[in-house]
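In the two complexes that follow, subunit A is the common piece, with subunit B as its partner first and subunit C second.
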Partner chain A sequence: MSAMASLMQSKQTRLAYMLVMPAAVLILVIYILPIIIVFFVSLTDYSLVSDYYEFVGMENYEKMFSDEAFGNALVNTLIYAAIFLPAAFIVSLVLAIAIQEQKQFRSVLEVLFFLPVTSTLAAMAIVWAALMDSGQGVINHVIVSIGLEKINFLGSEDLVLFSLAIISLWSIIGFNMVLFLAGLTSIPQNLYEAAAIDGASHPIDKFFRVTWPMLGPTTMFVAVTTSITAFKLFDTVAIVTQGGPDHASEVFLYLAFLEGFEYFNMGYSSALSLFFLCIIFTFALVQAFFADRNVQY
Partner chain B sequence: MSDIAISSSPTIPRWLSRLKPKSVGGAITTCILFLGAWVMVFPFIWMISSSVKPTDEVYDSDFTIIPKTFKGFENYYNVMFEQPYLMFILNSMIVCTGILAVQLLTAIPAAYALAKLKFRGSTILFGTVIACLTIPINVTSIPIYVGLVKVGLLDTYISMMFPFFISVFAIFLFRQFFKGFPDSIIQAARVDGFSEIEIILRLILPSAVPAIAAFSVFSFVAHWNDLYWPLIVVQSQDKMTATLSIMQYQSDFGTDHGRIFASATVVTMPMVIAFLFARRLFIRGITMTGVKG
Partner chain C sequence: MPSGVPLIVFLTGNLGCKMAKLSLKNIKKSFGSTEVLKNISLDVEDGEFISLVGQSGCGKSTLLRIIAGLEAQDAGDILIDGAPMNGREPKDRNIAMVFQDYALYPHMSVGENMSMPLIMARLPMHARLPGIRHFTPAHRREKPGIDADVEKVAKQLRIEHLLQRKPAQLSGGQRQRVALGRALVRNPKVFLMDEPLSNLDAKLRVEVRSEITELHASSGLTFIYVTHDQTEAMTMSDRVALMQDGAFLQVGAPNDLYANPANIDVAKFIGSPEINMIKGAVTSDQVSIGNVALPIALDAPFNGAVQIGIRPEAITINGVPGLAFANQSERTIQMSFNKRLVEDLGPEVLIHGALAVEPNRSIRIRAQKSQNYGERELFASTSQLDVQIDPSSLLFFDPSGKRISSKLKIPTHNNPVELVGAA
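== the complex of A and B ==
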């Protein structure tokens, strides 16, 4: 009997290896080897243009921290994130709470707000560029008709990140809203009744005494994933502004793309990529840390 | 009190009384929400409206949703048949379908083994899967690109699909899903002489249809909308995806605004229409990862 069981066990083990083999090989080729290679390339002056390269040690990293373009891209990304993150968080949460209380219109509103999430951002970016056109865009027609000055949304160095944040906001609100809605629905109704007995019947009381504390894990999740999305800003920059005007919208990922695939400075671009990975990794660690502490149900 | 008044009055139809808001505040919230929804949908309305207008009307100072001169037929005929848009859409379809097929074929068996079979190295493999979840394509793009250049595969369907052949997210998702499948049923099936492959195909797969469907939507939408990777590996026009074409045609059509927005409509509508037909599935699939794009 035990011989038979061990025979079955070894057959099962062999099968298990067969089942994981394709996935394991692909993970090796698509994730692990490239990460190792990207690290080594970041220590060289490799450029696709010539096959000759040499090790330059930490030179690329030193260059990075003294490079004006890098500093500029980092600052731009942070300014953009500072505009985008609070709005993407607060608007979506308020929206989710308001929609949850809707009875007959809930699903219609959900669909309408989610529509931009499914659309192709690259295609919608040219629509937004037209809507925000400094001369004849619809938004400026509205602004003029209420008696204000025209706004140069995408052509002004001071406003371009703000305008890009609006486009990103439009494309993510429905997404975060759905995540918040899922969190809200999982809050037990009797907590609100208990809070009402304790005297918390005003909506704002209810929010701070029940909704916000109970929404903890969801808010953390949304905050982290939205931050990662903010650092991944690429499509709208590539389509609408190409980093302009005068590098004012050159964000981090777009700079890494330019260095690697326009100028073919593979070594330097690899260093930028690893820096980017560190940022994403930090966010993931924060999330993992809080996810562990917040599992309470 | 007012409920009784309405239900006793025969002149107000029932559906209308159902729409009656509970309070003034509620009515105002509803109005604001619909105003917000209008802002969200307006870019689509403007795009479709502009796509059926002649060029000089697109930026007309008195914007009307209904065009004064209807040029929709010319614009769309041009985009679909005189421009290679059918080919771009076909390319997108081929790439998205190919990616999804390989992802499912590699992830499902691996996820089953990780969830239900004992083997040495399973902890390491699963740990690696979790670690890889955080690595975006933007970090590995340089070595993968250089590798594809070296083997001469640049500008092929394979190169467009290759980095996405494995989805660590799919492995993670399906493993969690398969974990929940009762061991007793699998054990009973083994006793009945089912092979492991039969167990996967006849027991596990049918039970995992909701997860597979949600993941498929997620994968398809993500790669349809992807601009970054096609921008790197596609060089010739006959491999161009629908999303990438936007980049080129924005400059090529120049001032032919009607046609630009007809092409934008053609690119984005497949996903939007599919969403309207399978709303629940889309919302579940796309929000599954938490990270957009």
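== the complex of A and C ==
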């Protein structure tokens, strides 16, 4: 009897492993293996142009923490995230709430705000660069026509991170808005009715007593994915500013790209990439820990 | 009581006592081209328990939501103690409501759920904002009072040990109590309930039903209770308002609706199992079923086909040991009944079949068991039973479904009315 059961169990275990295997192999080849390889490369002075390399131990990591460019890129990335994150969060939440209360044009507005998400950011970045051009840009034409001074959106060291944040906001707000809309739609209507009976009919009360707490899981998801997006800033920098003016828009990923593919310091670039991976991994961990705790159904 | 009659609104000058008289005057509501409520008028007395009952889609929930202020009526007035409520927000109407699925805030503990109405009523806006609320003097001043009131109601409902739990950790019955508590804690004038028992299992439903009745008795509040279940309406209410297609069919005490239905729809809706309907005919003042003449005189002159309603317990079975049967009154109608199946309900049996005079119309008989019951063989062997019907319990309806009142004919001789030609 028990021999029979254990035989059955081992058979089932084998089947389970077989079913899991394809996905496990894919994850191993696509994610785990490259990470291991990058880790080994980060311990060498490998350059893209030569087959010869030596193990240099932790030298790349030591260099990282004394490198001025690394510090600059980290600060730039943090400033950019500090501009981009709250805006990407608050603007899309306000938009979602406003659109949800709209009865007639809801779907039209949804599509309009979602359109930028469907476009290719690399191509749109060129359009934005043209719009924001200090000389010929349409935006500056408008600014001058209402009697203000021209703004050097992309050429000013103080403004360039703002300008890049605006481009990224334009491309991500629609996406976050749709996520928030889904979250809002899933809040049962009778909670608002109960709140109205209980006296929470003021919009501020409705928001803080019902909407905000009930949006918990959505909020967490949006916060984490948006943070990751903020730290992943690369394409607009590469196309519009190339890190300029004077390294003012040199963000973390762009630095890693420069080191690896422009200066051919693949080893150092790998070290930077691993550091970046650690940041992203932290965000993912935060989500994994808190997302479930926030679900209260 | 006929529907649609506007009733006089009594204005009570006595402000000292907590009166809660609710008046609905000519309420109308349409959704698009669908007319959901057609000219509803109703007066609910202070402390009365009234049920709005009807099939789904009859407009009962819409009416309740209009009373609550969650929905605006297209026309008509709502008055509570004579004060018009039109356009007032729900919180300004002094009402409380229990929702069908309780609508508890899932992110709040039971205590927080119950204190919500008090927080909203007693604290100013700045003392309700997250984060800073704990530092406001108003919060510090009112919080102990709110907690004490919540605890008092929680004790009353025997949920004080659950105050720290989240709704997800509660059973259906406990959630129901929390919803009641949240409504009670604000001390409302009118208590609205939208099918509060429909999410409970059958056993719990009976239990909570009596608890709500007791709550009504002890609180003395005016209760308006929406349900599709006639048993709930009959057992709990002082008065039942039966709705159909956005209008009241009949408003009255439970037994009124049962014994004196205004029309065929009321008769069919009230009572379980449903009333039996058979065809009858009236020719020159003589009412008959098939070729059986009934000792009945209709109050209004009528000729033609009538619908006759017979309650399942108005038919008794003769000569079956173990079943109680009525006294062989002189005026009972004797008939032959073809039995199809028997359901044992414990204290009584439900016998399905048809009267021999109308074999295609299904009839149910509810018969009380007596002490020597247990001879199922007898039931199995005979398919034909002799039954008697109490003529005074028959209900007559004209082809449009309207009730025709009737009375027993005084017999001219000492013989029971002859059963002629029944198989």
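Quick note on the criterion: the second predicted complex is superposed on the first by the 267 of 297 C-alpha atoms of A that agree within 3 Å, B and C clash if a C-alpha of one lies under 4 Å from a C-alpha of the other, contacts with A are read in each partner's own complex, and residues count from 1 in each chain.
Throughout what follows, contacts are C-beta pairs under 8 Å (C-beta built on N, C-alpha and C of every residue); 3 or more make two chains touch, one makes a residue touch a chain.
Bear in mind the structure is a predicted one, so any value in this text is a computation, not a measurement.
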Partner chain in contact with A:Leu148 - subunit B first, subunit C second, else both or neither: neither
Which superposed partner A:Glu193 touches (first subunit B, second subunit C, both, neither): second
Superposition-derived comparison: subunit B or subunit C, residues of subunit A touched: B
Partner chain(s) touched by A:Leu121 [first = subunit B, second = subunit C, both, neither]: first
First, second, both or neither for A:Ile172, with subunit B first and subunit C second: first
Which superposed partner A:Ala256 touches (first subunit B, second subunit C, both, neither): first
First (subunit B), second (subunit C), both or neither touched by A:Thr225: first
First, second, both or neither for A:Ile204, with subunit B first and subunit C second: second
Touched partner set for A:Val94, first subunit B, second subunit C, both or neither: neither
First (subunit B), second (subunit C), both or neither touched by A:Met58: neither
Subunit A partner contacts - residues on subunit C that touch it in the complex: 68-70, 89-91, 95-97, 99, 101, 103-108, 116-117, 120-121, 125, 128-130, 166, 168, 182, 186
Residues of subunit A touching subunit B in the complex: 9, 12-13, 15-20, 22-24, 26-27, 30-35, 37-38, 41, 48, 95, 98-99, 101-102, 104-105, 107, 109-128, 130-131, 133, 135-138, 141, 170-175, 178-179, 182, 221-222, 225, 228-229, 232, 234-235, 238-239, 253, 256-257, 260-261, 266, 269-270, 273-274, 276-277, 280-281, 284
In the complex, subunit B residues that touch subunit A: 18-19, 26, 29-30, 32-34, 36-37, 40-41, 43-44, 46-47, 50, 58-59, 61, 63, 105-107, 109-110, 112-114, 117-120, 122, 125, 128-129, 132-136, 138-147, 149, 162-163, 165-166, 168, 171, 196, 221, 224-225, 227-228, 231-232, 242-244, 246-247, 250, 257, 260-261, 263-265, 267-268, 271-272, 274-276, 279, 282-283, 286-287, 289-293
Residues on subunit A engaged by subunit C in the complex (per definition of touch): 188, 190-191, 193-202, 204-205, 208-210, 212-214, 216, 296-297
